[in-house]
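What follows is subunit A paired twice: with subunit B in the first complex and subunit C in the second.
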Partner chain A sequence: MSADTAFAPGDRVTILDLGKPGHVRTPLYVRGKTGVIDHYCGQFENPEERAYGRIGRARIPLYRVRLTQRDLWPDYDGADGDTLVLEIYHHWLRPA
Partner chain B sequence: MTERLISDIGGLPAGEVPREEVPQLYWEKHMIAMFNVLWDKGVFNLDEFRRRVEETSPEDYKRSTFYGRRLDGMTDLLVEKGIIDRAELTARSDEILRAGTRDHVR
Partner chain C sequence: MSTTDDPAHHHHHDHAHAPHPVREDDDVALTPGEAKFLALKGMLIEKGVLSADDIRRRHEINARGSPHQGARMVAKAWIDPAFKARMLKDAKAAAIELGIEVTEAELMALENTPERHNLVVCTLCSCYPRSLLGEPPAWYVSKAYRSRAVREPRKVLREFGVTFPDAVDVRVHDSNADLRYVVLPMRPAGTERMSETELAALVSRDCLVGAALPGVPEQTRPLR
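Right after this comes the complex of A and B.
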């Protein structure tokens, strides 16, 4: 399994809570939630490294993950099929 | 213990969101132009800027504005990198404020 294709569209994934201090791009409200890989975006330098001036390091896979609004917000009063798609780096995901 | 970044407000109670269009002030346009040049030239990257803004105290963050946070984040980053000097910046800002004029371009 190569790092850049670890997940494929349609795979169910759970977003981790790495508890990592400093600049991270995974909002609290999606941590621990399970969704589906919507799209593989490519490989990018890790913003958690770039935020401290460490540029030119390894590129890591980024995915768009689709979550249902109902899973995110227990009191959501929109349509059942409403979803949210957001970009999550590979190391914040595990197979669900 | 999971840290909540000051910018990570998804799902928190927000109250009413103001919808009116606010005209951009001259200094704001000027500052964004400066920001974009520094970013484009690789003086700093966007992740560094975001990290710097997130290091603002919650009180200062909430008291500030979109453009205020950008200006402070940018200048803090330039000070952090040793490109500008904090004392020099403060002295120059005070000088302009004392003069009470907008015509401060040398």
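Right after this comes the complex of A and C.
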């Protein structure tokens, strides 16, 4: 299985909490939450490397992950169909 | 500062007087953030990582960005279904088609429909398609908007004067990594006879991140 086909739209995934310091782009409020792959964005350089001048390294898959607001916030004040989508790099995801 | 040959001054880093002033007037002390910015900028130039000209040119590109460019794209999509399809497939290519220079890596258009409203936020910093839309409004980069838009989007939208029934899904997009987003609003009713230019005038900056809806022409707005 090649890295860029690791997840497909509709796959259920859990966003990991890697506890990694530095320039990470996975916000705290989604860590540990489960959603589905909405869209495969392509391969991008890892910002966790780029931020420290390591430019031109390997590219990694980036996905748009969709979560329901009710899963994100148990006391969410809105409709059942409300969702949030954000971009998560492959190494922050595991199959759910 | 004198142009002394005193070796003690030879390597002095006079960062507080960079060629581009950060403020109009220099009569108050720099904030710590401004001082850090000028020091970093000075070092990057001195080490040859960037030139002052690189920085100026980037400012120029961002200064060309304007909500009017986004509004042009929206109006074109409203009157030209083929263009709309291309915009939804690859918004960056669609912008370039209109002669708009987009420097961001990827641009995605988010289509509002009768069933879904899209709202864009960057919770981690201030990501925004600057080369298309220019600098973001102050509220977009405020901590209040960045934290509340993902937590209570309907309440935030109500404060902007936009309300939806529960049958409309509100979808929040956190612009947290490599993509940048522009919202394609729905064309208001009663605009069937309007020209592309007239349509573009209905699309405000805030519509393009989903915080507002396109203006309704005065003649069709119900009297109160």
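Just so it is clear, the second predicted complex is superposed on the first by the 96 of 96 C-alpha atoms of A that agree within 3 Å, B and C clash if a C-alpha of one lies under 4 Å from a C-alpha of the other, contacts with A are read in each partner's own complex, and residues count from 1 in each chain.
The criterion applied here is as follows: a residue touches a chain if its C-beta (ideal position, glycine included) is under 8 Å from a C-beta of that chain, and two chains touch if they have at least 3 such contacts.
It should be emphasised that the depicted structure is a prediction, and the values quoted were computed from it without experimental measurement.
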{"item": "Side-by-side fit of subunit B and subunit C on subunit A, or clash", "value": "clash"}
{"item": "Partner chain(s) touched by A:89 [first = subunit B, second = subunit C, both, neither]", "value": "second"}
{"item": "Partner chain(s) touched by A:56 [first = subunit B, second = subunit C, both, neither]", "value": "neither"}
{"item": "Residue contacts on subunit A - larger count, subunit B or subunit C", "value": "C"}
{"item": "Touching partner for A:10 - first (subunit B), second (subunit C), both, neither", "value": "neither"}
{"item": "Contacts of A:78 with subunit B and subunit C, given as first, second, both or neither", "value": "second"}
{"item": "Partner chain in contact with A:47 - subunit B first, subunit C second, else both or neither", "value": "both"}
{"item": "Partner chain in contact with A:22 - subunit B first, subunit C second, else both or neither", "value": "first"}
{"item": "Interface residues of subunit A shared between complexes with subunit B and subunit C", "value": "27, 29, 47, 72-73"}
{"item": "Residues of subunit B that touch subunit A when the two form their complex", "value": "1-5, 8, 10-11, 45, 47-48, 50-51, 54, 81"}
{"item": "Subunit C-facing residues of subunit A, complex", "value": "25-27, 29, 41-42, 44, 47, 62, 64, 69, 72-73, 77-89"}
{"item": "Subunit C residues within the subunit A interface of the complex", "value": "105-106, 123-124, 150-155, 166-179"}
{"item": "Residues of subunit A that touch subunit B when the two form their complex", "value": "17, 19, 21-24, 27-31, 47-48, 50-53, 55, 72-73"}
